[in-house]
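Take a look at the structures listed below.
Both complexes shown next keep chain A, but they swap its partner, so chain B is in the first and chain C is in the second.
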Partner chain A sequence: MMRYAGQALRSLLALPTLAWMLLFFLIPLGLVVVYSFATISLVTYNISFGWTLSNYRQIHDPLYFNTLTRSIFLSISATLGCLLLGFPLAYFISRQPSRWQKLLLVLVIVPFWTSFIVRTYAIVNLIDNGGPLQHFLHALHVLSGPLNILYTPKGIALGIVYSYLPLMVLPIYVSLERIDYNLVDAANDLGANPRRTFRRVTLPLAMPGVVVGCIIVGIPALGEYVIPEILGGGKTLMLGNVITDQFLSVGDYPFGSAIAVALMVVMALALIVFRLAQRRAAPS
Partner chain B sequence: MNDLPHRPLSPAGTMRRRELLARAAQMGIALPALSALGAACGSSSSSSSPPSSSGPPKGTAVLLNYQGWMGKHTVADFETAYPGAGIKQASLGSISSGAVVPQIKANMSTYDAALGDQAVTGQGVAADIIQPLDWSKIPNIKNVDEKFRSAYTHGIPTDYGKTGIGYRTDLVSDPINSWADLWNLAPKYSGKIVFTDLDRDCIGSALRYKGYSVNTTNQDELNQALQALIEIKPHLQALKSYNIGQGLAQGSYAIAMDWDYDIALAQQDNPHIKWVLPSEGASAYLEGFFAVKDTPQIEVLEAFFNFFLEPKQYADFVNTTGTAFVSNAATPYIDKTIAQNPALIVDPATLANVEFENYLGEATAAYNKLWDQFKSA
Partner chain C sequence: MKLRRHWFSGLISLVVIVCLWAPLVIVAVNSVNKDTLLVSWKGFTTHWYNQAYHNPDVRGGVKETMTIALASTAISLVLAVSGSLWWRRAGHRSQRMFDGLTYLRIMLPEVVFAVALFLLFSKIRFPLGTTAVVIGHVVWNSAYATLIIQARVATLDPALEDAAADLGANAWRVFRRVTFPGLLPGIVAAGLLAFTFSFDDVVTSYFLVGSGTAPLPVVILSMIRFRITPEINAIGMMVMLFTVTMFTVGFLAVTRLGRGARRALALPEGRD
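Presenting the complex of A and B:
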């Protein structure tokens, strides 16, 4: 009896969160789905709810399909960028003494103490022609002319990498930090060189963190709106911008909802793929 | 669609509007001592007295407005002059005005009034969201110049503006007098040109460059405008909706498609900036406040609209925002840096060379698509 009472109490504890999720996630999500099948008159703004697929058919327009492709490509590029920078950093941190690890982890998350918008604007000055990055590259003799990154797709990718890097570093660090380095020593003792040890021991054991990092970077990056707006100079159309325009400029809620639902489907598919990859990567 | 040319309300845009206010204050162009007007304002002239046919209006009206697009003291002075009446301002988190009508339509009981240009009021009429005003309760409408009054009939006109060219005479050696000059010089100044990030302005300017109306619904003419925009896009540094004049003043670029009031503000930071009203003509907006259909606060709104158009109150609005103004009656109270700025002066020659952006009806969709095609190119 007491056990059941305890279980009931524990369920009650979850009630506020469940109510919150229902009110502010599931119901709005359902509304978006319902709107995506509706039609709107852009003259009277009267909405007719029904089950038309016309909004989804519009997405097949090469204009929007190319935008979806561009968003996916940019998201993958930025995720790979985060991975290439984040893995070595996470590995470096995980190999430091415990007290240094804590300090370095704080440094990794320090950017989150500043507003996302402010950070993104800070990048504008950093990567602008004549900015600190250009001077740095000139000093290294890597570059001689103007940087020409700001207001280009490269600038958007760089901004996403900068903003999302901590989200890649932290899960990879957690995976690396849990590795029993006796396994690495064993591989070395058995004659594996450092590269082989990394490829056959360290990397597979870190894969769960890599997969999680790729998910939490790649998925939000796909629908990113602010960074393309600020660092893309309004010249690169991303799917997040199209959705925003449909809601805040055009007033075509059904079409905006259809794109949002399509984007969610793409994200869900990506999650399934990652999940399968994670299962395969999980050490037996 | 139906974007207004200067409405930065994205997160960054909000900064722009705030910055504009801050700069206006720093430059000392705000009308001094307006706070001292206080209650006296309400009775400073016979025309501004509350209507006598009914009691003083009571209640609070919600005005959908651009953030900061109001005189520094206007609302406080109104509430002092009309105890029991109030104005609460709300804003959309968007740079574009295209969402004003759908937002109101979806929330008819939320808003009592809104700011909108002719395109928005045209859209509002089609969507049946506009409440006619009792003009006998707004006698100060006489302070608005006839040409604006007759062009904006669904509410009180508040301001107008043109989309033209601003450029740095110290950075650009060639004279620019037209859209054609800008397009022709684009390769030479590649990467040093900025356009506004609003569809009607960009498309309208390209249409004028090609010799067409900014309100055309002819698909062939729209296609030519699209090709012109795609042609110049590789030379554009960015499409911007805020800080355009500031970037010009700082030298981040040399040439900009921009709004008159923004260039006028930037000229105070850098005297090398020249304003050009292109010889082919320019698109323009005329906007104002209108009441939402069946609003229970119509009496408060009519009193507020009348109060807003008092010369001193209207001057507060102009001095705060730096906009081109629609009431010559307020000129004596408007700061000379605004009233005498060539970019902002309203004269017949200037007005003859601008075309106001109108509501496009069904053709709105074609402009939306064209804009996405340009951005995606």
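Presenting the complex of A and C:
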């Protein structure tokens, strides 16, 4: 008797989380899907629910479709950027003595703790024409004219790389740090040159971390709002900005919902691709 | 020798770390720069700090952000602790569903949550404002808190709780005297993380605040949109100092608590 009472009591522990998620997460998400099939009269703002696909057809409008492809393109290039910079960094950190490892990790993570919006704003100063980055590139003779990347897609990609880099470095570092370096020594002893050892031993063992890093950078970046808002100069450059505009300025909730659903579909597809990659990356 | 072997990755690391810090250094320098256009160094001033300190939007924003962050952290912790304790003894399938729900909340772009809650609240005519923002923050913040506390729960030895129960402690007493002290480092870590995320949030707050007092990050966003003013650098510096101090204090607390809890439960000292 006591035991059953205890079990019932224990199930009650799940109640707060489940109730909150049902009320404020699952039901609202369902509402987004329902709204995405509704129509709105832009004169009276009356919404009539139904099962029309017109909102989804509207996404094919080049204006919005370009935003969709741009979001995907920016997310992929920012993820690659994070990977190209993050992998060497994670590798370098993992090969240092453990005291240095801790210090280097702190140096990577602390900027990440500081206010996200202030950091993004600081990048405006950094990459603006006449800013420090331009001076630096002029000094290296890499560039002669103005830099012209602020308020362009390139600036947005740079901003995403900046803000998401630690999310790429940490999982790769964790998987590199776990590698048994006797394997590397063995490969070297057996006559593999360093490049071959890296390609055939280190890289495959680091793959699980790489895949996790790509997931936690690439997927949230798809729906980024603040970075394109600030570094894109307020033009509607990514899906997050179009959705926000539809809800808070235009007031076309059904169309905004349809874009949100489209964003979730793209996200789900990306996750499936990553899951397949994850299965292949699992060290055998 | 070591360094020479890794000169390539070392060089990239150096450049990346310098780049990560560069924007923060610019904010720090410009926050005390007399030049209003921020193109060159024109001498030291504390004017921007003074201006930020007396700006009513900033003051209201700080108060609003603090209220939201404290409330959403407290609720998130209650959800995370109760959820994780249930999860520990749940069946395999329930566990997987619970985990799926947690990861979904972490993966989904914030704009989607914000839109969804915005629709719900406008549909049921729930007024936008502080309460609405807190509800929204808890949805994703409790997911991060849950991940951390679950990790801590997994390290607890159920035998200790069983022993306490066998010795006659009731459920509440077992929780208060055994489970809670064991979880405390996880609770502090999760609380800090949830507080900073909430403190830093733009998107959910922007959607759900309505015409109420805007939280600080939303105030900063609208300041950036309308004009570039050196005052933002001063606000940014103060926010950064606040979060970094909080994290340092929190980090020390977690390390000490971890040691304290182990001693209290007579567990061997070791790495976390």
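We adopt the following convention: the second predicted complex is superposed on the first by the 262 of 284 C-alpha atoms of A that agree within 3 Å, B and C clash if a C-alpha of one lies under 4 Å from a C-alpha of the other, contacts with A are read in each partner's own complex, and residues count from 1 in each chain.
The criterion applied here is as follows: a residue touches a chain if its C-beta (ideal position, glycine included) is under 8 Å from a C-beta of that chain, and two chains touch if they have at least 3 such contacts.
These figures come from a predicted structure and were not determined experimentally.
Chemist: With the two complexes superposed on chain A, say which partner A:G213 touches: chain B (first), chain C (second), both, or neither.
Modeler: neither
Chemist: Output check: A:L271 vs chain B and chain C. Expected answer is one of first, second, both, neither. What do you get?
Modeler: second
Chemist: First (chain B), second (chain C), both or neither: which does A:L237 touch?
Modeler: In the superposed model, A:L237 contacts chain B only, not chain C.
Chemist: Once chain A of both complexes is superposed, is A:E229 in touch with chain B (first), chain C (second), both, or neither?
Modeler: It touches chain B and chain C both.
Chemist: Go through the superposed model and pick first if A:V108 touches only chain B, second if only chain C, both, or neither.
Modeler: It touches chain C, and chain B stays clear.
Chemist: Who does A:L42 touch here: chain B (first), chain C (second), both, or neither?
Modeler: first
Chemist: In the superposed arrangement, does A:G251 touch chain B (first), chain C (second), both or neither?
Modeler: In the superposed model, A:G251 contacts chain B only, not chain C.
Chemist: Contacts for A:N148 in the overlay, against chain B (first) and chain C (second): which applies, first, second, both or neither?
Modeler: In the superposition, A:N148 touches chain B alone.
Chemist: Of the two partners chain B and chain C, which one touches more residues belonging to chain A?
Modeler: For chain A, the partner with the higher number of touched residues is C.
Chemist: Let me test your reading of the model: by the given contact rule, A:R119 touches which partner, first (chain B), second (chain C), both or neither?
Modeler: Once the two structures are laid over each other on A, A:R119 reaches chain C alone.
Chemist: Would you mind listing the overlap between the chain B footprint and the chain C footprint on chain A?
Modeler: Shared contact residues on chain A (touching chain B in one complex, chain C in the other): 117, 121, 226, 229-230, 234, 247-248, 253.
Chemist: For a test of understanding, state which residues of chain A touch chain B in their complex under the given definition.
Modeler: Against chain B, the touching part of chain A is residues 42-46, 63-64, 66-67, 117, 121, 128, 148, 151, 226, 229-230, 233-237, 241-242, 245, 247-253.
Chemist: Can you list the chain C residues touching chain A in their complex?
Modeler: On the chain C side, the touching residues are 2, 6, 8-10, 12-13, 16-17, 19-24, 26-27, 30, 38-39, 78-80, 82-83, 85-87, 89-90, 94, 98, 101, 105, 107-113, 115-120, 123, 135-136, 138-139, 142, 146, 171, 196, 200, 202-203, 206-207, 217, 220-221, 224-225, 228, 232, 235-236, 239-240, 243-244, 247.
Chemist: In the complex formed with chain C, which residues of chain A make contact?
Modeler: 6, 9-11, 13-17, 20-21, 24-25, 27-29, 31-32, 35, 85-86, 88-89, 91-93, 95-96, 104, 107-108, 110-111, 113-119, 121-126, 130, 132, 162, 165, 215, 219-220, 222-226, 229-230, 234, 239-240, 243-244, 247-248, 253, 256-257, 260, 263-264, 267, 271
Chemist: For the complex, which residues does chain B have touching chain A?
Modeler: 1, 3, 10-12, 92-96, 98-99, 101-103, 105-106, 123, 126-128, 191, 197, 199, 233, 236-241, 252, 361-362, 364-365, 368-369, 372-373, 375-376
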